[in-house]
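Shared chain: subunit A. Partners: subunit B in the first complex, subunit C in the second.
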Partner chain A sequence: MTGTAMDWASVSDAEVVRACRAGDDAAWRELVERFSRYVLAIARAHRLGEPDAEDVFQETFVRIYEHLGRLRSDDAVRPWIGQLTRRLCIDRLRAAVREPVADDPEEQGELDRRLTAVDEAVSVQEALRTLSADCREILDRFFCRDQSYHTIGELLDLPPGTIASRISRCLAKLREAYEGRSEPRPASGET
Partner chain B sequence: MSENPMDEVRLSELLGELPPVPEAWLRAAQDRPAIARAADQVLELAETDAEFRRTLIADLESALRAAGHEPDPRLVDTVRRRLPSG
Partner chain C sequence: MPGDDLSALPVQGLLDELASESPAPAGGSAAAVAVAMAAALVEMGARRSPAWDDAIGVAAQARAIRRRTVPLVQADADAYAASLAALASIESIQDAPGAERDEAIASALAGAADVALAIARAGTDTAFLAELVADRGEPSGRDDAQAAAVLAEAGTRVAAALVAANLVTAEGDDRETAAASCARSAAMVRSRMGE
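Up next, the complex of A and B:
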């Protein structure tokens, strides 16, 4: 699981975790890349400002690095990271002497809805990882990075009409991949 | 298989829920193993060299420089957290 030419797209989360634990720096870079958006999305769901979100983001990965050895089930890395990030967000909110989110049922309900959407989005990202590199890139540019047909067309040297039809085709493939995926394992990897 | 079919509009909305992370944040998190290794090296030296240990406690940043490490705030923080007191 070492080497610079490693194609991580087909490597499971559990395998990435095992490689990280074995001291593979490339695996660690992949783990950060793979879960970075998830961690940031959780911080944003808690309505943290940018500096707090960055602190939580970095602290989450410090804790992951330091405690990865204690993870009981490598397959449960995603829920473990989610739980860790949420805990750090709540600590940050409390430290800022804001009203604890859990005390306001309406706000808590809204937070739960946002976090559910984030978890659903991660499942979509996992399905996205099974598509071709071309599809991954075009969908990421258009929907995640909010780039226009024009910008994507220039970057990929394609006419806008081709971009539109490629997005549509890739989205259909993503839907198939999402619906055909196996359900994620429940959280059981708490340290 | 998933129980509920997902329409493509919802799929595209969910893709937008996970925007990219600023490159600098990503790089900083990815550097963590190098920081941890540098901290290991510094703390190992502090265990075997009493003079270095005293400097480390008195002036952490200078001690890091003396040991050949740039006092990157992440390294300073990691060493400080792991430095046994007393």
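Up next, the complex of A and C:
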């Protein structure tokens, strides 16, 4: 795999990891691009302030760079990054308050819910990457940019009356991809 | 009604607000509620059609439209109140040149036109979905799908009229054309579905 003119959208996480190990600079950029929002979302789920969240972000990617070679299963890169980030967030919180973090079961439950939501969002993003560019675009325009069928139809040169059915078919494909990818994976792949 | 969100009120409370002497909320908020109700009926029709392959996708789209329309109930009231306040303040600059006054009035009304156009677009989309549910969903849900189409058309037409009213000083504005097109599309869809 080379870094020139690569369409990363269709490349799996495991392939990106392998390319990183092979020293592909473009793959490293893709890895950071692919997981930066995930890492920041976990930091924010821990209610870290912006400076601390940014520190965790930097430290997480430094550790990923240093330890990626020790990742046991390339498929487990996301749970590994998630666990690494969570650990760094908790270290940061402990350093700040000098007391046990999230001892309150309600607080822990709330944190778990936020982290689950982050994981689900990332799983949806991963599933989206497996769809065709057309499907990704139509779903993005309708659900993320709140565009109307008429607007989407004009942009994609389709009658507005057909957009809804097309979105439904793309959603069905997304659901299929999501369900195929949401099998539980081990939390740690590091030796 | 500053400080409260109209969409969080019980139905009776919302109706009381609409009926009050206060100029806002008014027709735009009512149109947004009509469109949101239509989207909810479409979602129900899709959910009750398990044998239809596209049902889950249509329900998801109806839910998305409802979620983006509900905040417009309050947004329209806010935009209308803001435009009324701006118009009142413009009256105090009677001595300003005509073109300057026109520009100030157009600017005051533009926000209300944007919200109304968003309602009109959501209404048209809901009408398209209602037609799909009526055609391909469970036959027992056809009456509710037709009700959804009527509500969606009504909300769209009201919103399109408000866009036109708010852009009365801005001749040739694309938003007026877009809103009129929404109203025509919603009426066409409802008409295809019959009475």
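Criterion: the second predicted complex is superposed on the first by the 129 of 191 C-alpha atoms of A that agree within 3 Å, B and C clash if a C-alpha of one lies under 4 Å from a C-alpha of the other, contacts with A are read in each partner's own complex, and residues count from 1 in each chain.
The rule is simple: a residue touches a chain if its C-beta (ideal position, glycine included) is under 8 Å from a C-beta of that chain, and two chains touch if they have at least 3 such contacts.
Predicted model, so just to flag it, every value in this text is computed and none were measured.
Colleague: Looking at A:Arg169 after the superposition, I want to know if it touches subunit B, subunit C, both of them or none. Which is it: first, second, both, neither?
Modeller: second
Colleague: Going by the contact rule set out at the top, does A:Leu128 touch subunit B (first), subunit C (second), both, or neither?
Modeller: In the superposed model, A:Leu128 contacts subunit B only, not subunit C.
Colleague: Looking at A:Pro160 after the superposition, I want to know if it touches subunit B, subunit C, both of them or none. Which is it: first, second, both, neither?
Modeller: The second partner, subunit C, only.
Colleague: Compare subunit B and subunit C by how many residues of subunit A each one touches, and report the one with more.
Modeller: So, of the two partners, B touches more residues of subunit A.
Colleague: Going by the contact rule set out at the top, does A:Asp25 touch subunit B (first), subunit C (second), both, or neither?
Modeller: After superposing on A, A:Asp25 lies in contact with subunit B but is clear of subunit C.
Colleague: Between subunit B (first) and subunit C (second), which does A:Val118 come into contact with in this model arrangement: first, second, both, or neither?
Modeller: First partner only.
Colleague: Now for A:Tyr149: first (subunit B), second (subunit C), both, or neither, which partner does it touch?
Modeller: In the superposition, A:Tyr149 contacts subunit C only.
Colleague: Which subunit A residues are contacted by subunit C in one complex and by subunit B in the other?
Modeller: 143, 146, 171-172, 175
Colleague: Inside the complex, what are the residues of subunit A that reach subunit C?
Modeller: 142-143, 146, 148-151, 160-161, 163-165, 167-172, 175
Colleague: Residue numbers of subunit B touching subunit A in their complex, please.
Modeller: Residues 1-2, 5-8, 11-12, 14-22, 25-26, 28-30, 32-34, 36, 74, 78.
Colleague: In the complex, go through subunit C and note every residue touching subunit A.
Modeller: Spelled out, the residues of subunit C in touch with subunit A are 53-54, 56-58, 60-61, 64, 68, 121-122, 124-125, 128-129, 131-132, 178, 181-182, 185, 189.
Colleague: Would you pull the subunit A residues touching subunit B in the complex into a rising list?
Modeller: Against subunit B, the touching part of subunit A is residues 23, 25, 28-29, 32-33, 36-41, 54, 57-58, 61-62, 65-66, 117-118, 120-122, 124-125, 128, 139-140, 143-146, 171-172, 174-175, 178-181, 183.
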